[in-house]
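Each in structure tokens, the structures are laid out below.
Next come two complexes, and both contain chain A; in the first it sits with chain B, in the second with chain C.
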Partner chain A sequence: MMNQDATPLPSPLPGLALRGLLTLGGIAALIAMMVDLGISPVALAGGFTKLGVFLLAMFPPSDGGDLPRILKSLLETLAMALAGTTLAVLVAAPLGFLGARTVVGQPAFHFLFRRMLDFFRGVPVLVWALIFVAAFGLGPFGGVIALAVADIPSLSKLFAEAIENCDRGPVEGTRAAGGSRLHEIRFALAPQVAPILASQSLYYLESNFRNAAVLGIVGAGGIGFELEERIRIFAFDEVAFIVLLYMVAVALLDSLSRRLRSALA
Partner chain B sequence: MLELRNISKSFGETIAVDGVSLTVARGEMVGVIGRSGSGKSTLLRLINRLAEPTSGEVLWDGEGVSRLKRRDLRKWRRRCAMIFQQFNLSPRLDVITNVLIGVVAERPLAMTLMKFFPASDRADAIRELDALDMGQTAFQRAGTLSGGQQQRVAIARAMMQKPDMILADEPVASLDPGNAEVVMKALQAAAGARGIPVLVSLHSLDLARRYCTRIVAMSKGRIIFDGSPSELSAEIVDRIYSAGANRNPAVHLAEVGAAA
Partner chain C sequence: MTDAPDAVVSAFEAERRRLLHRQWIHALLGVGITSVILGLSFHQSQFFDPEIGANPIGRILEFLARMAPHLRTEALLEGREVDGSLASWFYDLPGWLAALWETIEIAVVATVFGAVAAVFASFLCARNLMPWAPVRFLVRRLLEAIRTVPDLIMALILVAAFGAGATAGVITLTIATLGGLGKLFAEINEEVDPRQLEMLDAAGAGPVSKIRFGVLPQVLPNYASYILLRLEINVAAAGALGIVGAGGIGLELQRAITYTEFSTYLAILLLMVLVIFVIDMTSEAIRHNLLLRAEKS
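Now for the complex of A and B:
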């Protein structure tokens, strides 16, 4: 026979049995988890009924006669996002240069620095907000610091990567003309990464404007605070109004920032 | 006077420059020729210490430059202006700022980092640009210029350095023939006006013959010919460019790697 030396194919039967067992085990585990978490059809139906009631209560949306205060809170949220992002960019830009392998050529430093950024990047903005609201008291200040601190690690990493991807030609040109490391950054790297930095910062501003509402709910002021107050007293018509207003504001900021970013590209 | 004494450079196992000795006097225009990977680029980079020699010495007027550090090293680099194949300008900065980079080694750090340059420097920069017929582009972004124009800006930057010599590494290799002539003439005129020597690596034998007063040919990291263009016989040219004249294509890669 031609293929008598070939490895014999294993019988398909044991594999099939194993797969059947795994599937059954998976289903059993899933059911056990649902029971443990209290996910029952009864609870599901009850929850959706309540949601339906809330939804009905949202119509028609109403400003509850508090429009000036809502608008002021919306502006406060925008201000928080702006201040938080600006603070983050101011800190992340120099950190980005420190973290770029092509600027600081010490492998050990680079490794530790990047791991440190990764570590802090793992902390969600909500956790920072809880910590800073506890430290600085209720109000936007804690929120601004939380947004900034949450953004610094990931922005620094993005900046560092943009810097590493720069064309080395201008750097060498500056060095050969007698420029120092700082001159290389100033004249060769900074002009190349500035548009990328600006574009990424705008993107973070958009995302922070969206996140800032959540921060209000944990006590950091702004539109989130207004929302939280009304959800607590079941004023769903006003909740609906604020959410709609907020959606329009987010869309406006997004399109403005997108236009700015494409102008920078 | 520039003097190289038995200078060598290896990148790991590959030897890019192998015991080269060479003196270059004022007013000379030395064309360095040879196949890719013969060590031309590395030789030029060893002079301004963009690459550090493995052994041997570079001297200027009898004084070694290998031990210069920090500010002194930067001043040495300022004195041996370099022109690159890819111009190496900062494309998003305007032309005049690119030219002003030529003085940063000699001005206070804080001032230059704020892009503040005295009026006399700015006037000098415009004058250097005008000499190359590039004055009208002074406030344009360098990246908007054509290759030939960018290389002339690079020459203006080099001249702004008030150099004692010019190192030009394949200055016309990425230009069309017409622009190549313009740039070679500009280089010749700029160096001639100051009487400073030029070391220029060239792919084109024809350009080397027409513009250089002396030709140095390299093969496998060594100098295999050093003489006037008229002494460069067909037989020697054959030896320079014949198959196998190259030690190892990896040398070329190593040179590119050193640039990155």
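Now for the complex of A and C:
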């Protein structure tokens, strides 16, 4: 009754076979990669046993009698995050104006500029830190520069987009009132962009507090250095203590920044 | 009544002055406190250190000069032995490419396993699929904890357990992926159209069939686009893992720094950035495609 004059349904078999082949191929490729990486069940079993021992050694967490020093390096990490974010914002804000299509109307420049930002966006902060610590010597300075350099491309791009999305009305109003180019930026664009810039900067501060915690691994100071030292001597109870303290600090900073951001919005 | 408008105006002016005054004080206080905190931060970060912070521009220029490769235009395309050729700058290209490939493999394997784990975790903490609140609570807190610990710190611990090599890197990124994707997947799961779940309930389906026929068809396109995004993040993260001994190109970067070969570092950095850039662009194109297809259907 239903399918009197309809063409017969195509057989599902070829599609299913193709899917099965693709799945098998994917699994084979995955296994090949794991073999290439040297992931063996024996090594995994041994590693997880050791990891279990480490985890057991984490309880109870202890400050190792060095609480003031740990707190000081936690504050240092926060200081690095603040300084790095500030530097990044100071550089990224003008770059954002340069990269906004509505401010600099050169399509070729705009394209090249954006592509360059995209190009350097992917470099992990630790990779920058490694080279900057080698250049500037051990200590937080190289780490702060690394944080800033790692943020500038993506932050500039965000700023440029925020500026492009601005309402054109105030700009035209300023121009109609006889304002100069600088007046346009000061009285028409800046008031619209400032809250967005501020809230994006706070986001980056949060993420930099996380990033700054690993910089100590390459000698850039902060909590990462304390952690690495203790992991190296298998003092896992102290590692657990520092990680827990750090998690509390992250949660505090996040909630503070969230409050500030909602006050801005 | 005749002088009332004047009184109103002057009262208004006084009020306005008072408000402006208060605004000024608030702004000054804010700027003052912020600059003290920032000043302390920059001080702590050695920016005013006479040895390091002095003449930072000069130091950056000097450092850039050290990083610049020694190239001579007439010898650019000569062999590796000729000083000043491109080949002598990229003197270990095959080795670096192999290390980069290892980095990509680490990222891919970790993304696959992390995503599979995240799918399971996301079903355990989605409000519409997991009726027991305590399980949801525990899984969510666990995912949150994973997201807070920086992956390189995790990698340090795992390298201590599994020894130096790619295995520690894969496990680190698998755990990090689980933390990141688990939360996103759970959010996707909670937005699933409930009518299909109700239909399956009415048809007497068990929890597994409900997930297979009610949830997965709706969420897979979204999952796929987040997995690709995570793959991009993981390739970049895997690039850094070698610095702590967890395999991949980071090891070569570390080696270049140890031997103070800054121009080699630049060469490897450029290669790495290029690979990340190509993968980002490809994955972005695929994600756009996925989105378009999801919108059409």
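Keep this in mind: the second predicted complex is superposed on the first by the 238 of 265 C-alpha atoms of A that agree within 3 Å, B and C clash if a C-alpha of one lies under 4 Å from a C-alpha of the other, contacts with A are read in each partner's own complex, and residues count from 1 in each chain.
Note that a residue touches a chain if its C-beta (ideal position, glycine included) is under 8 Å from a C-beta of that chain, and two chains touch if they have at least 3 such contacts.
Being a predicted model, the structure only gives us computed values, none of them experimental.
Visitor: Look at A:Val218 in the shared chain and tell me whether it touches chain B only, chain C only, both, or neither; answer first, second, both or neither.
Guide: Touch status of A:Val218: second partner only.
Visitor: Of the partners chain B and chain C, which touch A:Gly169 in the superposed model: first, second, both, neither?
Guide: It touches chain B, and chain C stays clear.
Visitor: According to the stated criteria, A:Gln192 is in contact with first (chain B), second (chain C), both, or neither; which is it?
Guide: A:Gln192 contacts chain B only, not chain C.
Visitor: Have a look and say if chain B or chain C is in touch with more residues of chain A.
Guide: Counting residues of chain A touched by each partner, the higher count goes to C.
Visitor: Considering only touches as defined above, state whether A:Tyr203 meets chain B (first), chain C (second), both or neither.
Guide: In the superposition, A:Tyr203 touches no partner, neither chain B nor chain C.
Visitor: For A:His183, using the defined touch cut-off, is the partner it touches chain B, chain C, both, or neither? Pick first, second, both or neither.
Guide: After superposition on chain A, A:His183 lies in contact with chain B alone.
Visitor: Of all the chain A residues, which ones make contact with chain B and with chain C?
Guide: none
Visitor: Under the stated contact criterion, what part of chain A meets chain B in this complex?
Guide: 168-170, 172-180, 182-183, 186-188, 191-192, 194-195
Visitor: Enumerate the contact residues on chain C facing chain A in the complex.
Guide: Touch list, chain C to chain A: 37-38, 40-42, 44-47, 49, 51-53, 59-60, 63, 66-67, 102, 105-106, 108-109, 112, 145, 148-150, 152-153, 156-158, 160-163, 165-168, 170-171, 232, 235-237, 239-240, 243-244, 247, 250, 253-254, 257, 260, 262, 265, 269, 272-273, 276-277, 280.
Visitor: Report the residues of chain A in contact with chain C in the complex, numbered from low to high.
Guide: Answer in residue numbers: 30, 33-34, 36-39, 43-44, 46-48, 50-51, 54, 75-76, 78-80, 82-84, 86, 118-127, 130-131, 134-137, 139-141, 143-144, 210-211, 213-214, 217-218, 224, 227-228, 231-232, 234, 239, 243, 246-247, 250-251.
Visitor: Can you list the residues on chain B that touch chain A in the complex?
Guide: 48, 50, 74-75, 77-78, 81-82, 84, 86-93, 97, 101-102, 104-106, 109, 112-113, 115, 154, 157-158, 161, 259-260
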